[in-house]
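Here it is, the structure in full.
The letters A, B, C, D and E name the chains in turn, as written, and every chain counts its residues from 1.
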Amino acid sequence: MDLIWLIPLLPGLGALVNGLVGVRAFGKRTAGLVANAAMAAALALALYAFWQLLSLPADAREHTVRLAAWIPPIPLALGNGAIGGFTVPWGFRLDPLSGLMILVVTLVGFLIHVYSTGYMHGETRGAYARFFAYLNLFAFFMLVLVLGDNFLVMFVGWEGVGLCSYLLIGYYYEKQSASDAGKKAFIVNRIGDWGFIVGIFMVYGTFGTLDFRAVADAAGPMGVEAAGFGTLSIITLLLFIGATGKSAQIPLYVWLPDAMEGPTPVSALIHAATMVTAGVYMVGRNAVLFSHAPMTMEVVAVVGVATAFMAATIGLAQHDIKRVLAYSTVSQLGFMFIAMGVGAFAAGAFHLMTHAFFKALLFLCSGSVIHAMAGEQDMRRMGGLKPHLPITYATMLVGTLAIAGIPPLSGFFSKDEILYRAFLDHKVIWGVAVATALMTAFYMYRLMSLTFFGAYRGPAWEAHGGRADHGHAASGGGHGHGGGGWRGPHESPRSMTVPLQLLAVGAVLAGFVGVPAALGGGNAIEHFLEPSFVARTAAPPGATAPATHEARGLGEAAHAAESKGGEGTGHAAHLSRSAELGLMALSVLAGIVGIAAAYRIFVRAPEIAETLARRWSGAHRVLSNKYYVDELYGATVVAGTMGAARGLWAFDRSVVDGAVNGSGWLTVSSAWVSHALDKYIVDGLVNLVGAVLEAGSFVVRRVQTGLVQNYALVMLFGVFAFVSVYLFVR
Amino acid sequence: MVETVIVPLIVILTVLFAVLTTVIFMVLLERKVQAWVQVRYGPMRVGYHGLLQTVADVLKLFLKEDITPARADRWLFTIAPLMALVPALIAFAVIPLSRDLTLFGLRFPGQVADVNVGLLYVVSVGTLGIYGIILGGWASNSKYPLLGSLRSSAQIISYEIAVTMTLVTVIVLSGTLSMTGIVHAQLDKGWWFGFMQPVAFFIYFVGGLAETNRLPFDLPEAEQELVAGFHTEYSGMRFAFFFLAEYTNMIVISAVATTLFLGGWLPPFPNVAWLGFLGVVPGWAWFMLKTFGFLYVFLWVRATFPRYRYDQLMRLGWKWLIPLSIANLVVTGLMKVLV
Amino acid sequence: MAEAAAFYILAALILGFGVLVVTAKSAVHSVLFLVADFLCVAALYVTLQAEFLAVIQVMVYAGGIVVLYLFVVMLVNLKRPPDAQRDPRRLGRLGAVLAVAVMVELAAILAVGWSRPEGEAGALGPSNVAQVGRALYTDYLIPFELASILLLVAMIGAILLARREM
Amino acid sequence: METETPRPMFDTDEMVLNMGPQHPSTHGVLRLVLKLDGERVVGCDPVIGYLHRGIEKLSEHRDYTQVVLLTDRMDYVAAATNNLGYVETIEKLYSLEVPRRARYIRTILAELQRVASHLLWLGSSAGDLGALTVLLFGLRERELVLDLFEEYCGARLTYNTMRIGGQPVDVPPDWGRKILAFCDEQERKLPDYEDLLTNNRIFLQRTKGIGVISGADAIALGLSGPPLRGSGVARDVRKDEPYAAYDEMDFDIAVGTEGDTYDRYLVRLEEIRQSLRILRQAVDGLPEGPVMGKVPRLIKPPAGETFHAIEAPKGELGFFVASDGKSVSPYRMRVRPASFCNLQALPRLVVGHLVADVVALVGTIDIVLGEVDR
Amino acid sequence: MITATHYLLLSVGLFSLGVIGVLTRRNIIIILMSIELMLNAVNINLVAFSHELQNVVGQAFAVFVIVIAAAEAAVGLGIILAFYRNKETVNIDEMNLLRW
């Protein structure tokens, strides 16, 4: 276990070798080999470390390795050591949570590396090595992120994965949309990072240390800020802002769908399985802080559920296969945040793990499909691919069922756990979540149907006999059909299908580590993860302790005693086993209903979809335009202060008008009224604001003469004022 | 009064006289030495073997018409030669020409002023000489002089870095900035620093050639290329000042080299007992001997080498001499710390 | 007495040359007055027993920085007089007035209300160089190194800026 | 080329620099209009004609013998070879037989002239690079050659020393021994130059790789003489189309490899050695006999025209003479001057080099403006 | 007797000259030179205090000021050169693109 620092370092070395040497010198085989070997070694080390961790007693499963001082104590005799005392080590900590994470990261990462060797083989040699260098670099930073034992090391990883995400989204940098998407992801993430880093400042200001364990231990004895909005609430809120950025929650989720411009393995690894879960991980890592700030928890849960719901609705109407999955990811991340918000940290982490498997699987399958269709991503031009892509179909079906929550696939257990805990916490959240689950099943099966069932709607390949088709032209990289023309959809090479199959196995089996008690399981994962979410000081944060003990419903007194303070967010209620089973059944039912509906609409009677879309055209347009959020952000945030007036106007145009259109089906008259209202009052107000601003700035800008000396004169005037005050007032 | 005013005045006048005389004979020496190297006689007509040739030249220059080009900046054109000459002359203030002498019951110091930052003084005053060159070139309002002056000043500044680095090595060895202190340090060590610092000495020598615009670094005045460099437009007395400044600078370089690397007014190997008889020769004579020896090498080099091209010269300065001098400094520092 | 005479002469020279720097028509003349000004300041340092600083002032300012100015003045070989265009919105005169006002005020503060700050009077020994060096290399080592890095960065930046685009 | 070389700092615009016609290192009244980018030459335009005296036209109004005197004024540092070229042309046109002794004497004079010319070149071009001592050394030895010429014909620069059909005078007594003594002396002095230049780092830096011109380019530009041989082309009229007594002499052609300034320097030094070798052979083998052939009193060649070239020190010197058979002066004379043709290479050589190299390159092609402009 | 006050008055005067130069001249090179004047005024201050307090710290800081001045001159003049190459002017009144 002392070697855990090697786990991130190996991919780092791989990145270094590929990045410095490989880009110029390596052939594709060598580059792929280097990257895969680094990941394989990291995986092996991670497995070994995890095994060692398991072999420890449950209460001692924590191991810290400090490599060196990063920010050493500065021997400055300034003041009372206030400056010199700031030290940060390069520390790595292995505990159950990070152990789980490194397993997920290295395992999924390794499989995706393997997959990528097949998926990316059409790239040129340098670009291929570059891709693997980025991928390895990402693994390095991700592992630093999860293994870091303090905020600052985590922040290094945090920013590093952001960087890699940017690099990989913009991998096809000659494509305008890809580089734009990369920039968007980067910038949106910065907004979140602002919150994160301010949170870190506050953590240091409050606790005087950045070590997670020390912070948790210090926070443990503090009172729960149930009534007021105290320091911990502010800290956690700020941290959560960081998490929303990284994990694509409202309002900062917009970058993730665009991030699908990157190569599909990247979407799978970074934007589904690992990086985007960093926010969840971070919240879980600071579970003690969060559990002391119930108000933040509520915010987390509400944001989570809102995100889940909103993303799921958007997912209903998307045509791009990867975008559907992207919104699905956002939605599932919302689920994880629901779990975090209701205090079910372990459940969240559990869902994180299962999600990593099935979502990576789904993405890779979609990659396989895209590969087969020579870069086509629009589902309207797919269909009937099942006979062509048997393995992909099978594995994707597994993934779909898993995400839909069909037992006994992994998604069932984790999602059900979350729903259960949400139910305990708040019924409305639960309700929305179940609806979301239904929609999840629906749009996933819609995806399956549009892709694999029905008639083939894609470009013909025999008649054209070449690659002159639009589908291919649309693909930035021209995935791997280097020499010859496209000869129709075909199954992917073994290097791609084998990871699919392995991930499918994972997606099936991963849930069994967390079979809930109601089904006779031990919910092993929850006990395993528990120590990570609690402070070691056993001071209870109030009256919740017995309830917590109760709620857990386990017999392990010793374990409960030490974890009193942790999970205790006060879900006092506990349901009977039958009720729990009922809930389960309900959620399964939701999944089945969703699938059935999708089957009905998209497979049996495709015309229904058309009809629906026409009938609900307003809603449909809103959904397929993703609630106009991108446009909103574009207008408000991007255009900046100067365009504030115009931004409001755009807001009015897109949101209000969109809403008007959406509700146009009510009555013609009400639409007319609202239109009039809109035009004369709303527009009038907004335009007034804009006009005032514009006129004001027109006047004020004259001060900006551009003459440096006038600016200096103003400075001098300031000096003059000060000196005068000093001279006369003193 | 005598001690504070008259004695320094005498010393100053002596030094000034010595320097100016040396300059005059330096010019003659240059012509003679070069002639001898080239198997000629050199000037023979004025005085015995041309001894008074320079005097005649100077007289001629002083009597010549003093032309100021049209559209030249009169004011700068006039003071530029002085700005070149004055720094060269005042640099002698801190150079110890001899040990302190006692004559007629009065104590005469061996130098005008023993400043505790003497070496830095020499360097800083040396940098001021550039102004004369740049302004002379600029004020002429002509293309060739401007180019020549820019080249010249760029060259001087470039080589000054390397030269200053070698001076730092000497400071490291001696532990003082006072010129007299440096001579005494050589007495204490028993070795001239030239023997202890051959690399520094060599760099100093090369840099000295470059700073005084001597062959093989005489580009600024390369007759074949830029006609006559920054003083193309000068004639008569003002030209004489530039000329004087150039030779004075040569003597400054030589005198500083003598002080720093050749033991100043010390006889060779001052600590070797059986060479003690060398002390019979007075210190100022040793100093003169060494300075002229060094100057002779200047002339020798001039008679031997072709000229560098400008870019080659810059390359030599920046890519060889400066790194070499820094490396030398580092090694010297290490030796000082370790040994 | 001698000290006072030196101070007044030097002060007059410094201010006089300062005025000339600011008012000179030609930039080259301005540069020259600046050099003269700096040399006078160096002389003032000598009277203040800061010989090292005086030499540094001559070496770095007069021998380095101002030469750089001179180079640039010569390179910037103007086709039309630099002061040709005048922006009417610039409030130069007001600035001068304000500057004079500030000067008067500061002088008033100094003349009326200022007294020597109380501080432990150290001892400036004869070996000025050693003392400055010791201060720079012990107490102010980090600022010193930072300053050297600043110089390096400035050097690289200046080279990049002055270099022609390839 | 221009885009790759780093530009020096002090440049603002492309600047036109006028070098000459009054400039110490253009060897006469050559004017070079240089286009500079900073210090780098991007264009060079030689302007000639400042020394034009109309020698070719003048000769149409002088009789054939008087023209010899005009040829002296072309390449005035190598007057003897000019004479040789001219008289041999007329002899060819007139089909005159020249006595063997005269041919030997002509060979001796031509080779002495070559040595003198190369010495002057060595001195002046080294002087351009700042090596003043070499300049004086070169001039010193050249004085010895001039002494020999003076002894033979009484003149030191413009000899007018050949006649159509033979030599005007026989060699003075003891002249051969003095030539041999000079050869020995010169042999001893050559290492002096080499010591000062051949392995001098600064000289190498100034000449190696400067003004490179390939053999093919040199031929294309019509170069001849040392600039051609420096580029590795073994073309020497003395070997290829022997004249005077060269067919009886044993010597080697000095050839360079790189075609740069340094190789041309080496070629010229080697040519001095070879000249000394020829001189020794010629003096030793000087046959007895008359020095003047049978020539009509009135030289009036038959109608016709001819061209004849010799290897002058600067390169191939050719004379084209047309006679109408009636007049006593050439109907038309045209000179193919070595310097003029070699000068064509200058713009090619200097582009891309620095201004300071222009001086070295003007030196390396060894031109005399008297021959360029005529 | 020359006290620190005298030096401070001198410094104030020199500084104000620099300020006037900065505010009134249009040649940006002269403006930079005026800034050098101001820096020198500061240095006079520092050295005067160093003398007054018999403490070498003031001189150490003066050295730093000189370093800053060198850096400022190098970069500032580099910018001026670059600007001059583009606009053919060093008139600060024509450097007014940073507005509106």
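The definition used in the following text is that a contact is a pair of C-beta atoms (placed from the backbone, for glycine too) under 8 Å apart; a residue touches a chain by one contact, two chains touch by 3 or more.
Since the structure is predicted, the reported quantities are computational estimates derived from the model, not experimental observations.
Colleague: Write out the two chains that share the greatest number of C-beta pairs in contact.
Modeller: Top-ranked chain pair by contacting C-beta pairs: C-E.
Colleague: Relative to chain C, which chain's C-alpha centre is the most remote?
Modeller: If we average the C-alpha coordinates per chain, D ends up farthest from chain C.
Colleague: Using mean Cα positions as chain centres, tell me which chain lies farthest from chain A.
Modeller: Chain D.
Colleague: Whole-Å distance, chain A centre to chain C centre, using C-alpha means?
Modeller: Chain A and chain C have C-alpha centres separated by 57 Å.
Colleague: Report the inter-centroid distance (CA atoms only) between chain C and chain E in whole Å.
Modeller: 6
Colleague: In angstrom, rounded to a whole number, how far apart do the mean CA points of chain B and chain C lie?
Modeller: Taking the average C-alpha coordinate of chain B and of chain C, the gap between them is 29 Å.
Colleague: How big is the gap, in whole Å, between where the Cα atoms of chain A centre and where those of chain E centre?
Modeller: Between these chains, centre-to-centre, one finds 53 Å.
Colleague: Which residues belonging to chain E are in contact with no fewer than two other chains?
Modeller: As it turns out, chain E has residues touching two or more other chains at 19, 22-24, 85, 93, 96.
Colleague: Two or more other chains in contact with one residue: find those residues in chain A.
Modeller: Correct list: 705, 707, 709, 712-713, 716.
Colleague: If I count partner chains per residue in chain D, which residues reach a count of at least 2?
Modeller: 10, 12
Colleague: Which of the residues in chain A come into contact with chain C in the complex?
Modeller: So the residues of chain A in touch with chain C come to 705, 707, 709-710, 712-713, 716-717, 719-720, 723-724, 726-727, 730.
Colleague: Once bound in the complex, which stretches of chain C touch chain B?
Modeller: 26, 28-29, 32, 35, 51-52, 54-56, 58-59, 62-64, 67, 70-71, 74, 126-129
Colleague: Okay, in this complex, where on chain B does chain C touch?
Modeller: Those in contact with chain C are residues 73, 75-76, 115-117, 120-121, 123-128, 130-131, 134-135, 138, 146, 150, 153, 157, 177.
Colleague: Help me check something: in the complex, which residues belonging to chain C touch chain E?
Modeller: Of all residues in chain C, those touching chain E are 3-4, 7, 11, 14-15, 18-19, 21-22, 24, 27, 30-31, 34, 37-38, 41, 44-45, 48-50, 52-53, 56-57, 60-61, 64-66, 68-69, 72-73, 75-76, 78-79, 82-87, 90, 92-93, 95-96, 98-100, 102-103, 106-107, 110-111, 114, 116-117, 119-124, 128, 131-132, 134-136, 139-140, 143-144, 147-148, 150-151, 153-155, 157-162, 164.
Colleague: Which of the residues in chain E come into contact with chain A in the complex?
Modeller: 19, 22-24, 31, 92-93, 95-100
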